[in-house]
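Heads up, the next two complexes both have chain A, just with different partners, chain B and then chain C.
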Partner chain A sequence: MWEKLLFFDRRIIFVFIAIAVWVPFLTQLELPPGQTNPRTQALYDAIENLPPRTPVMVAFDYGPSGMPEVHPMAKALTRHILSRNLRLLGVALALTGPPMCQDAFSSVSQDLDKQEGVDWVNLGYKPQPVAVITQIGEDIRRAFPEDAQERAIDELPVMAGIHNYDDIGLVIDLATGNTPGAWIVYAHGPYKVKVAAGVTGVMATDYYPFLQTGQMIGMLNGLKGAAEYEELINHRDLGTLGMGSQSVAHLLIILFVTLGNVGYFAFTRRR
Partner chain B sequence: MPAAAATSSTIFGLSTEIIGIWVAALLTLAIYSFLYADNPVYKVAEHIFVGISAAYGAVILYYQALLPKLVKPLIIPLIDRVWHPELADATSPRYTLLVPMFLGLLIFSRFVPKYDWLSRWPIAFVMGLYAGLSIPRSVQEIILKQMHGTMLPLLPRGANGGYDFLTGFSNLLLVMGVICTLAYFYFSARHEGLLGRVSRVGVWFLMVAFGAGFGNTVMARISLLIGRVQFLLYDWLPTIGIHLGGPGMG
Partner chain C sequence: MRLHIPIGLGFLAGAFMIVQFFVPHPSFEESYKALMDWTMIIGAFALVLGLQSLFRTHIDKIRRRRQGYGYSFVALISFAVMFMVGIVHGAKPGSLFDWLFMNVQVPLEATIFSLLAFFIASAAYRTFRARTPEATILLLTAVVVMLGRVPIGEFIYAQVPEATEWIMSVPTVAAKRGIMFGVALGVIATSLRILLGIERSHLGGGR
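After this line comes the complex of A and B, so read on.
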């Protein structure tokens, strides 16, 4: 029997995982995150404490492959920043970032009656993250002379008085790659701008050391981080919606890991 | 190419938005067909993804990097100056951009075997630049700051002035973790005696870190599946008249 447990077809596991993910959606099972992680709360508090019209820069360093985890964060953060009447600057150090930025900003700003060019701007993509981050520290116009719609940024009211990191209250990097490290090293280090991040679950453990040293003020970790943030801003969306499936799938994986280990030890003991 | 919102035009009477959703749904199902076994449908979807990614990257790079950084400040003013000298208010070209343009063009020398050595120049320039930029910054922000972060009081005082034993234990655990893990990666002596025992504790710390990483990875992978399921349920199924509610990924 234990041998069967160790060597059964992996496709059976896929079927179980598919059921675990689909059924909570079909049954409308809602399991919002219980306790808010202090790192999520820290990011929320940092935004809450910024004075009105302070510019917040959000870097969209992800693409469609990272959307399920990071895009709910982007929408929740956009909603919070715009509802606090802060200015929102979107930049992209990943090729696939500009459409993510445009979707998050435009969909949320329609709800909140905020205007492109006045309350928010999508500055588009520029290659070479280190060069771009460093250039923003000197003059943002050198890195982004135009926005993603090819309008000179000097013509946009949202950019009035913004020259470099001294004028930016917070930088948030939403990433599926190693760009949070670049923002810490090249933006927070020399220019002392506050940096936070929203990252995929795979990356989260890499960035905890930077939270402990205070080089990052807060971090959203995967879909759970998005769901926690949605709870904080009291606007349940895709993050919270996915938590039912996430929780059921996790329980199933714990069960499989336990069964696999019991099977392994029983099998090796018998041999 | 402005990153504008999608326009809602039609092709053969069908909304391009609906066509887009169907293409995305069919490609999603094609990719997931790999879970059963490798098959031609999966291969087609994979190749479409690679091709479109490359083309998308080229277009975005041109419109959002080359056009504002090189074409508009240098190429267009140069053309104006040569072919339209009558334009009095023409912008003067930024001739300094000729240097990076020349260096960038040298990359293409790789296509000519006789001169492919020239492509090393721009690579050397980029490597030198990044080494100069990153080495001092990385040492400062990653190595020194992280070292500083491990120099913690083992008996810290709390807000009320008394000893905060819980934080002290947490700090002790962190310091022990760093020392024991570093000991595991010290290969200049045999892992015997005290060093052996300490490095074995380092292995336990590593296992805990790998476990945390694996747990987060499971969460991430399940999230990706959830994202696709949300798309199929809330974006695709409504196009065939099945409405389950929910906000949709768009």
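After this line comes the complex of A and C, so read on.
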């Protein structure tokens, strides 16, 4: 009996996890995220307090593998920034970032009737994060003379009057790697621009020290961070939808760990 | 000479970067900007090395008919298709290259990554055992954080999110800061060893 609990066939676990993820998703089980994390609230407040037409730079430093967790954040932030009539600049320090940026900006801007080149721009990808971040501090045209559509950025109304971090109200790094650290060290450090981040749940612990020191003003932590942000802007989307699947899957994993431990203790006591 | 010239160049570049940080003179700042431009250009060449490695690995696998060599054909053909599409149509948003990326690469990569959920569940069941007091603390902490990261945790007990936030903000940050200090000291020590030519493994030949 106890041995059965100890040595489940892993395929049974796989089937249960598949059901735990799919059923809430297909039945559109919406669980509101509950209490808003103070880090999420801080980022929301920072955007709320920016004067109209202030440029906000969003760095898309993730790819398809990070999409389920980070892309809902990108869409929620884009919606908030554009609806507040702020200017939105997308850059990418990850090779797979520009399509993520284009998808988030174009899909949300259609809803809000905002124009590419006037309200937002996708500046594309440049290699070497440290060099790019430093060059933006001198003049953004050194790093990005053209946007992703190969138009000179001087011809775009959205870029009018933007030269370096002095003209940018906030930098938000959406990442699945270590680029938020580079933005903190090379953008916030020398140029004092405000930096925030949206990262996967497993990465969030890396950035708590910077939140406490004030080097980062806010952070969206995993899919729950996205759901909290959707709740704040009053537009439930993929983040909130994912909360159902994530809740059931977490409960199931806790149940399996408990069963494994019950089996382990009963088995060792009998021996 | 093959060893001394790279070490000398590395020492000069490294020493310059350290000195310029403390000297706010325009000439140093301009030189720093130029070096940053070089870094971007040199970084782009890493792509060439990556391509060479990709071709060598897969061609070798096909030539030797190693297990799963059919997948190497798929990798090389996929590369050739994306390369040609990118060259002919460009890679701008809305191009064929962009369409292929969003409709082939995105679902494939997301699928592979989603398999992690199954393996994490299986691994947690098999290995997360309260064998020792330390393992028990780790186990209980993990359960609280897992519950705190989903709305259902708050439904079970209203204080779970606060407990999670405390775990993340106090013990986790304490440990994280210790690790960061250790890493920073290690980076400084290794950098000095490289600049002084003591550490030479990056040149491809042991010490």
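As a working rule, the second predicted complex is superposed on the first by the 271 of 271 C-alpha atoms of A that agree within 3 Å, B and C clash if a C-alpha of one lies under 4 Å from a C-alpha of the other, contacts with A are read in each partner's own complex, and residues count from 1 in each chain.
The rule is simple: a residue touches a chain if its C-beta (ideal position, glycine included) is under 8 Å from a C-beta of that chain, and two chains touch if they have at least 3 such contacts.
No experiment lies behind these values; they were computed from the predicted model shown.
Peer 1: One more residue to check, A:149. First (chain B), second (chain C), both or neither?
Peer 2: Both chain B and chain C are touched by A:149.
Peer 1: Name the contact category of A:21: first (chain B only), second (chain C only), both, or neither.
Peer 2: A:21: touches chain B and chain C.
Peer 1: Applying the touch criterion given at the start, work out whether A:31 contacts chain B, chain C, both or neither, answering first, second, both or neither.
Peer 2: A:31: touches chain C, not chain B.
Peer 1: Which partner does A:111 contact after superposing on A: first (chain B), second (chain C), both, neither?
Peer 2: In the superposition, A:111 contacts neither chain B nor chain C.
Peer 1: Applying the document's definition of touch, where does A:3 land relative to chain B and chain C: first, second, both, or neither?
Peer 2: A:3: touches no partner chain.
Peer 1: Considering only touches as defined above, state whether A:212 meets chain B (first), chain C (second), both or neither.
Peer 2: A:212 contacts both chain B and chain C.
Peer 1: Could you look at A:259 and tell me whether it touches chain B, chain C, both or neither (first, second, both, neither)?
Peer 2: The second partner, chain C, only.
Peer 1: Once the structures are superposed on A, label A:122 by its partner contacts, choosing first (chain B), second (chain C), both or neither.
Peer 2: In the superposition, A:122 contacts both chain B and chain C.
Peer 1: Mind working out whether A:99 is in touch with chain B, chain C, both or neither, as first, second, both or neither?
Peer 2: both
Peer 1: Can you list the residues of chain A that meet both chain B and chain C?
Peer 2: 14, 17-18, 21, 65, 67-68, 96, 98-99, 102-103, 106, 122, 126-127, 130, 134, 148-150, 201, 204-205, 209, 212, 221-222, 224, 246, 249-250, 253
Peer 1: Which chain A residues qualify as touching chain C in the complex?
Peer 2: Residues of chain A touching chain C: 8, 10, 13-14, 16-18, 21, 31-35, 37-38, 63-68, 96, 98-99, 102-103, 106, 122, 126-128, 130-132, 134-135, 138, 142, 148-150, 201, 204-206, 208-209, 212, 221-222, 224, 227, 243, 246-254, 256-257, 259-261, 264-265.
Peer 1: Which residues of chain B touch chain A in the complex?
Peer 2: Contacts found on chain B: 2-5, 35-36, 56-57, 60-61, 64-65, 67-68, 130, 133-134, 137-138, 140-142, 145-146, 148-149, 174, 209, 212-213, 216-220, 222-230, 233, 244-247, 249-250.
Peer 1: Per the contact definition, I'd like the list of chain C residues that touch chain A in the complex.
Peer 2: By the definition above, chain C touches chain A via 33, 36-37, 39-40, 43-44, 46-47, 92-93, 98, 101-102, 105-110, 112-114, 117-118, 120-122, 124-126, 128-131, 139, 143, 146-147, 149-155, 161, 165, 168-169, 172-173, 176-177, 180.
Peer 1: Enumerate the contact residues on chain A facing chain B in the complex.
Peer 2: Touch residues, chain A against chain B: 11, 14, 17-18, 21-22, 25-26, 28, 65, 67-69, 71, 95-96, 98-99, 101-103, 106-107, 122, 124-127, 130, 134, 145-146, 148-150, 181, 184-186, 188-190, 200-202, 204-205, 209, 212-213, 215, 221-224, 237-238, 241-242, 245-246, 249-250, 253.
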